[in-house]
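Alright, structures below, take your time with them.
Two complexes, one shared chain (subunit A), two partners (subunit B, subunit C).
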Partner chain A sequence: MLTLTLIVFPLLVAIGLFFIKDGKWAGNLALATALIEFGISVAALVQYFLFCHCLLLFHLEWLADYGISLKFGIDGLSMLLILLTTFLIPIIIYSSLGQKIQRSSSFYSLIILMQAGLIGVFTAFDGMMFYIFWELTLIPAYFIAAYWGGENRIRITLKFFAYTFSGSLLMLIAIIYLYFRTPLPHSFDHIWLYASNLNPGEQLWIFLAFFIAFAIKVPVFPFHTWQPDTYVTAPYSGSMLLGGLMSKMGLFGMIRWMIPITYTELTRTGGFFVIFPVIGIVYASLIALRQDDLKRLVAYSSVAHLGLVAAGAMTLNAIAMQGAMIQMVSHGINIVGLFILVQYIEARTKTRSIAELGGIALKAPRLAVFFMIILLGSIALPLTDGFVGEFLILLGMFKYNAVFAAVSGLTIIFGAVYMLWMYQRVMLGNTKAATEQISDLNWKEMIPLIAIVIMVIWIGVAPGMFMKLAENGVGQVIGIIR
Partner chain B sequence: MNSIISLSVLGVLVLFLGILKKKTWLLPLILPGLLISLVMTVLHWNMNRGLFHNMIIIDNTGVAFSAVLIFSTFLIFMLAAQYYRKVIRPLDDIYAIMIFALVGAVLMCYFGNLIMLFIGIETLSIALYVLAGSHKEAITSNEATLKYFLLGSFLSGFLLFGIALLYGSSGSFDLYTIHAYVVSHIQQGLPPMFKAGLFLLIIGLSFKIAIAPFHFWAPDVYEGTPTLLTAFMASVVKIASVVAMYRFFSITFFGIHGVWEMTVAILAGITIIIGNVTGIYQPNLKRMLAYSSISHSGYMMLAMVAFSGYTATALLFYAVAYSVATISAFAILILVREAKGNDYFGSFNNLAKHNRIEAFTLAVAMLSLTGIPPLAGFMGKYFLFSAAIEQGWLWLVIIAIAGSAVSVGYYFKPIIAMYFREDQETVLQAGPSYKAHILFLTLLTILLGFLPFLLSGLI
Partner chain C sequence: MTILAKLIPLFPLLGFIILGLGYRSIPKRIASILGPGTVFLSFIFSVFLLFNIHHSLMNIRYFSWISFGNLSISFDFLIDPLSILMMLVITGVGLLIHVYSIGYMSHDEGFNRFFAYTNLFVFFMLILVMGSNYAVMFIGWEGVGLCSYLLIGFWFKNQQFNNAAKKAFIMNRIGDLGFLLGMFLIFTSFRSFNYVTVFDLAKTMPSGSGTITAITLLLFIGAVGKSAQIPLYTWLPDAMAGPTPVSALIHAATMVTAGVYMVARSGVLYVLAPATMEIMGLTAMATMILAAAIAIFQNDIKKVLAYSTISQLGYMFLALSVGAFTGTMFHLMTHAFFKALLFLGAGSVIHALEGEQDIRKMGGLKNVLPKTYWTFLVGTLAIAGLPPLSGFFSKDEILAGVFSSSQTMWIIAVAVTMMTAFYMFRLLFLTFSGNYRGTHPQSLKIHESPAVMTIPLLILAFLAFFGGFLNIPELMGGSGVLKEFLSPVFADAVKLNQVPYLLVPEKREWYNIALVIILVVLAILAAYRKFVIKLRTGSIETEAGSFIERLAANKFYIDELYDAIFVKPALKISGALHEFVEVRFIDRVVNGAGTMIVRFSNIIRYLQAGHVGMYMFFMIIGILLILFFNILF
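Presenting the complex of A and B:
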């Protein structure tokens, strides 16, 4: 029942919010909803650990003739990402409360709708439900970026939409095709889809369809071209939703759907498809080095980090996949933290250009400290969240292919270079015109950052619970592959 | 049968009201009249019998589709009061002709004999030639009617010639007799005369549905025709023609494969590509909807290519989803044309600011036509595509999917204009009942997406 509540409750609130008048309490209502969702997800976590270590399942027939049922469940994989979603959404909403937002009730309604869609994606155990919720998240993401976005938003967001929609349609064909290859009577249930009977040719194209759909969403090189522009033009809350949560949908899809269904294709082609994310790691890091716009830098760093996660997941190695799960959570937390900080800086200085910033640490030491901690998490310093995941991924990859591991390992070095260099130019040195009058964070602004820093350190120092969840989830996938 | 009689009577009654000059009584008569016909149609459920020596065969497929047609007409008449509220001249003739066109459309759902098919199509078409030109003062309307009439009568000749050739080779107009003929001759190969007849019949029907490469009339005619009647053309007429084709193939070639599927599949592929790609270049919503209707007829052809147990269901669901979304798009188009005098995409700028319901309706309609879940259009596409994939038409589905991806390029134009572009503020003049109606249409689109089993288990 908790599973269903997690999806239906925000859906209903989103509809309600859509109709109420704009005003301050639209945001507060959304925040309350998001906090209640967080409570429900913690309850689900407690239930998961105390009672069963198993699936919290909701199952209802929907279109019995077509083998589609409303099957939603929470296992280890889902639990991690649900916690991430319900943890980040209140932070995202909170960080936007201070601003003046046109048509705010629609804005918050879309964010809450997005949450319902995300949780649907992460809990779906029916292929068609997965697809429906997958697409459901696209609409709010598009509208948030296109309505409240910045320069060139119409062109950029249409590109974003067309790009991801094309990928999803490929996945739709693959899912329907798989359905007809499941044992009789056909079904979209995940166990049936895993058991579908494919010859090598079909394996290849179904793998490609899934891979492209997920690679666009993550995004993995060379399908990343929509991403930096969209992150830059979207409002901060939109960038946080896209970078922190929506990108995880693609990675989650890989582990939940693509790998169990078409793992033989991954093993048969050797490491061929792992090359793409590995190239992306180096390529995006090098581009990130040259960026002047803070938001764009974060966007490219995201391509690099998520490339590592995708590569780790596709090695089919238990350790790397566990690392991938942990790193998904860490990356989500870190990137939202970074976007919040960039948002605060832009709100104070009216610029995101690194060249115009400098010496913020002198004027705003608290801002600088938070920035440093989250940045260290992002560059995977030991005892921060980034380290756990990236270390496990690299460890697993090393067993898989030492060359890939060595090249991917560059991400940590490059990450340190571009992030710390950016930090040096933005935070240290002398103040410039834009940063002369910068004020430090007040306690209201620090609340979300404190929550994020707690998570950064918690996962970094004591990742036990998260490892346990990742282990349970990955264990099932590995069990299928063997 | 009851529905054909009751609709004809309704049409005649409307004409009588015209003689009595009771303009305000027209819609209060028509709307309940249509509902009564709808009920009478549904009463035929599970009747399954042939009438007049199988001239008309009443089966569940026919009942379901004619119910859809009558319901769609009802939805369009709900828009009529708003559309014609400033028109002084009597409207009884237009309304009556619409109802007579509907009679032809219903006949096309029930026919069991090629003569009946031809009569149905002509009843529908001749009524439409008149309707297309019903705005006599507008030169575009005159152009539309002339174009439609010249091409339509020319292509009716193809259709008739095809029917004659089929008769010549099989010796009958009756669908089941032709089916028996096909079954007995399929082994030694069908004679060229039969194939030529089939080919001409496909061309004739393709013209009526606006399948590429016989679609060139559609955009011009749609643009010139008064908007309310364009909505009628795009929904009722389109569905009736598709159903007629489906009915012909599903009875005549029941259980037989490999005769005509490839031809229709290629036509469908071309239609989807041309409809979607050309749709991007249209400057206004009405022409865009014309191309949208072309590409959707391409999708509906998938049901014809891939026969299986549930293609009729798939087609039915698709028809309803398409028809509801199209009618709601036209409902907003009517308002915008009234307020702005044209329907270029620029006229939609900033519409969402003061017209939330209208903008929301159009946005949902566009998203449904694009096929975004969980709206009805997605479920329709899903049913059709999965039927086609099951029958092994993967390449056609890939074309269809690519077409859907391209269609984002034009379906999003009004959405972008309404929500994201700045312009001076417009308030659309829609009465409360009109607003309630478009909200109902939107709700239907959303509900059908969430509860597809309401329709999917029917036939």
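Presenting the complex of A and C:
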């Protein structure tokens, strides 16, 4: 029942919020909802570990004639991503509370709706449900960026919408096609879809449809060009939702749907499709070097890091996949941390341009310390969250193809180069006009950062619980592949 | 015992946490107890461990770090003579440097931050040497790199220092990628990261197998980065931007020897890879000569010592390449003593001259800084390798090992020994002899450093003087205490060593020793003639003369070369990729496809007006409501 509650509760609140008058308490109500939701997810976690490490399933026949049923479940992989979602949403809401937001009730309604959609995506075990929730998340993401965004928001968000939407349509076609290839009577149930009967030609097309849909969402090179612009133009909450959570939908889709259904295509093509994310790692890292806009730099770094995750998952190696799942969580935490910091900096200095910043550490040492710790997580220093995932991905990849691992491993070097160079120009050195009067963080501002830093170190030092959850997820995928 | 070993790294970690959290509120007085105090506790516990280790090897379970399926990486410690030796060096020398820093950093605003970082460094360094598998070593390996970064850029207002810090971190990371790939290959070949498991399995493999050669080469890339060998050495001279105690602790005595430790620890693997040993020997020789040649022409007191460190590390790798493991560890230890001493002495000089580091503007400091002078002299004699100081014994052991396997190598090593004596005495003479050449009114205020700085100097001078007696070779009637102590660690590696070995008659060994001493004395005399006698009448040459000298003075333009072939192209590629590939190609294709669809589609036109999204919003809400009612009724 918890599974259903996790989806329905935010959905109802979102609808309620939508029709409520604007005001300060819209944000507070949203925050309270998100915190309750976090509590429910922790309860689900407890239940998961108490009862047999297995699926917490909600299953109800619905449109039986069409083989569509309300099948939602929580396994290890779902649990990881639900925890990530319910952990990050309160942080995202909290960090937006200080700002003046027009039509705030709609804004928060959309964030909560997004949460419902995300959890629906992460728990759906029915192909049609997966698709419905997948599209459901696009609506709030689109409106948040289009209505509350910055410069050129209409043009950029249209591109974002059209791009991701066309990906989704491909996926819809693939799912419906698969449905007709399932054994009689047809069904959208994941087990049936996994068992669908495809000849090699069909297999390839289905794979491509899924791959493109998910690659756009992550995004994987070369389908990423919507992403930097959208991250830049979206309000901070939007960038956090997109970078921290929505990108995980693509990766999740690969692991839950694409790989179990079309893994033979991945083995048959012998790593050809792994090349795209691997190229993306180097390509995006190189581009990140020269970016002046902090948000854009974070966006490109995200393409690089998520490329590694996608590549890891697509190697079909158990260790790499395990790492991919851990890294999905770590990346979400780190990127939201980075966006919060950039938000604080921009709020104080009115600029995100690296060239105009400098010497912040002199005036705001606390900000500098939080920035450094989250940066270390992002460049995968051992004992931070980034290391565990990237280490396992690279280790698994090395078994799969040593050259890919060596090239992907360049992220270890490049990540340090662009991040430290950025840190040096923004935080170190002497102050400039924009940063002369910068104030340090106060306690209220530090709360979300403390939560993030705790996670950075927790996952880095004692990843046991997360590893167990991921192991369950990996076990299922590998079980199907074998 | 187990608890004891577990606690050793925790003290400095605790120090870091307390000092880090309270860096603004903790008074200096307390920080100056806390900072060195935690290292002191670790040192005492390490000493206790030394006297209470009954088995040669002790595996200590800490906790399971990364584990799932049949992959299990545990955070475990391996306590054996090798790790104990390293722990003693780290905490012992570390303690002295911490105490010294109380004086050296006393006027600095970042006093607490300094001790927080150095404590964190000691923590990671201990993890590095105490780990029982490569993964734990890697934690320490990267952790010390981080601390090095933080401490080089300690005065972060200065962007040049920050550049040096960044350079150090990145060059180390290049090595770290090699280390990581080496680890991966170890895991795929042996299904474990544990030293004991890996070495036991490796022992059964034939010498020169491709796998072991590849593993050792990849690990060696890591060592090259961390221990500043060609081609990844240029970060170390720049690292001198950090406060001088940092240079002593991290960039001379401990962190930079991590690569040496790692190779020694993996001795079993290395002796099974003759090709790697050869490459290591060649790299070491090239580095030794290059660094020594540059050191002769440097005028910054710390830079001379930095190049000297690179050169001495080359010495250690040379010893490793012929399988002289005990000799390597012996030299690592004595080098920690005398190089820390020299750096701290240099720090004392810099402190007295209020930041002056150019030896051309020094001179005649013998009388005003007597304690610094005498201790510095001991350090110089030790590094030059004159008997009976520590450097003599450790160098002799390395030279003897090298001689028995390759005489060419021996000649080069001896040449470098002469160069070392020459540039070190040049440094000593220019700093302390003759007349004061500075122009500032500094000369009036020059004063000897406080006791909190000179006492560590005296203790280090004592160690640099007598440290060699720990391992007097049998040739001279000694018993080789250190050799005996370390022998269980290196037994397998020594047994498997494939490097051809020549039995050298005793007489010949004595000849060699005498020859080296004579050559070193000649080098010292040459330095005396050039930098004492000639200086009495003439003035100091500020410009290097011949072509070669100019080349060496400019560090052979290696930095400029790297800049031209790596840094600038990377930035250019970055810009070009963004402009031509990203914006003008990929994005244009995407936009083109988008425009086509827009043109041919009515639906999308509505979308542009912003309506369709709204319709969809209600549509999906509708679907969900239907869903919901379906469940209820």
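The rule is short, and it goes like this: the second predicted complex is superposed on the first by the 482 of 482 C-alpha atoms of A that agree within 3 Å, B and C clash if a C-alpha of one lies under 4 Å from a C-alpha of the other, contacts with A are read in each partner's own complex, and residues count from 1 in each chain.
One rule holds in what follows: a residue touches a chain if its C-beta (ideal position, glycine included) is under 8 Å from a C-beta of that chain, and two chains touch if they have at least 3 such contacts.
This one's a predicted model, so the numbers in the text were calculated from it and none came from an experiment.
Undergrad: Please indicate which partner A:417 is in contact with in the superposed arrangement: first for subunit B, second for subunit C, both, or neither.
TA: second
Undergrad: Quick one: is A:15 in contact with subunit B, with subunit C, with both, or with neither? Answer first, second, both or neither.
TA: second
Undergrad: Is A:143 touching the first partner subunit B, the second partner subunit C, both, or neither of them?
TA: Both partners, subunit B and subunit C.
Undergrad: A:162 contacts which: subunit B (first), subunit C (second), both, neither?
TA: both
Undergrad: When the two structures are overlaid on chain A, which partner does A:359 contact: first (subunit B), second (subunit C), both, or neither?
TA: So A:359 only meets subunit C here.
Undergrad: Hey, is it subunit B or subunit C that touches more of subunit A?
TA: Tallying touched residues of subunit A, the top partner is C.
Undergrad: Thinking of the overlay built on chain A, is A:65 touched by subunit B (first), by subunit C (second), by both, or by neither?
TA: It touches subunit B, and subunit C stays clear.
Undergrad: Which partner does A:395 reach: the first (subunit B), the second (subunit C), both, or neither?
TA: Only subunit C is touched by A:395; subunit B is not.
Undergrad: For A:135, is the partner it touches subunit B (first), subunit C (second), both, or none of the two (neither)?
TA: It touches subunit B and subunit C both.
Undergrad: Can A:465 be said to touch subunit B (first), subunit C (second), both, or neither?
TA: It touches nothing on subunit B or subunit C.
Undergrad: Report, in rising order, the residues of subunit A that make contact with subunit B in one complex and with subunit C in the other.
TA: Residues common to the subunit A contacts of subunit C and of subunit B are 62, 132, 135-136, 139, 143, 146, 154, 158, 161-162, 166, listed in rising order.
Undergrad: Can you name the residues of subunit A that touch subunit C in the complex?
TA: 8, 11, 15, 60, 62, 70, 132, 135-136, 139, 142-143, 146, 154, 158-159, 161-163, 166, 222, 225-226, 283, 286-290, 318-319, 322, 359, 361-362, 365, 376, 381-383, 388, 391-392, 394-395, 398-399, 402, 405-406, 409-410, 412-413, 416-417, 420-421, 424, 427-430, 461-464, 467-468, 470-471, 474
Undergrad: What part of subunit C is in contact with subunit A in the complex they form?
TA: Where subunit C meets subunit A, its residues are 23-24, 63-69, 71, 138-139, 142-143, 146, 149, 153, 156-159, 162-163, 166, 169-170, 173-174, 176-177, 180-181, 183-185, 187-188, 570-571, 573-575, 577-578, 581-582, 586-587, 590-591, 594, 597-598, 604, 607-608, 610, 613, 616-617, 620-621, 623-624, 627-628, 630-631.
Undergrad: Touching residues of subunit B toward subunit A in the complex: what are they?
TA: Interface residues on subunit B, with respect to subunit A: 310, 367, 370, 372-374, 378, 382-383, 385-386, 389-390, 394, 397-398, 401-402, 404-405, 408-409, 412, 416, 419-421, 452-453, 456-457.
Undergrad: Which residues of subunit A touch subunit B once you look at their complex with the stated criterion?
TA: Residues in contact with subunit B: 62-63, 65-66, 128, 131-132, 135-136, 138-139, 143, 146-147, 153-154, 158, 161-162, 165-166, 169-170, 172-173, 176-177, 179-180.
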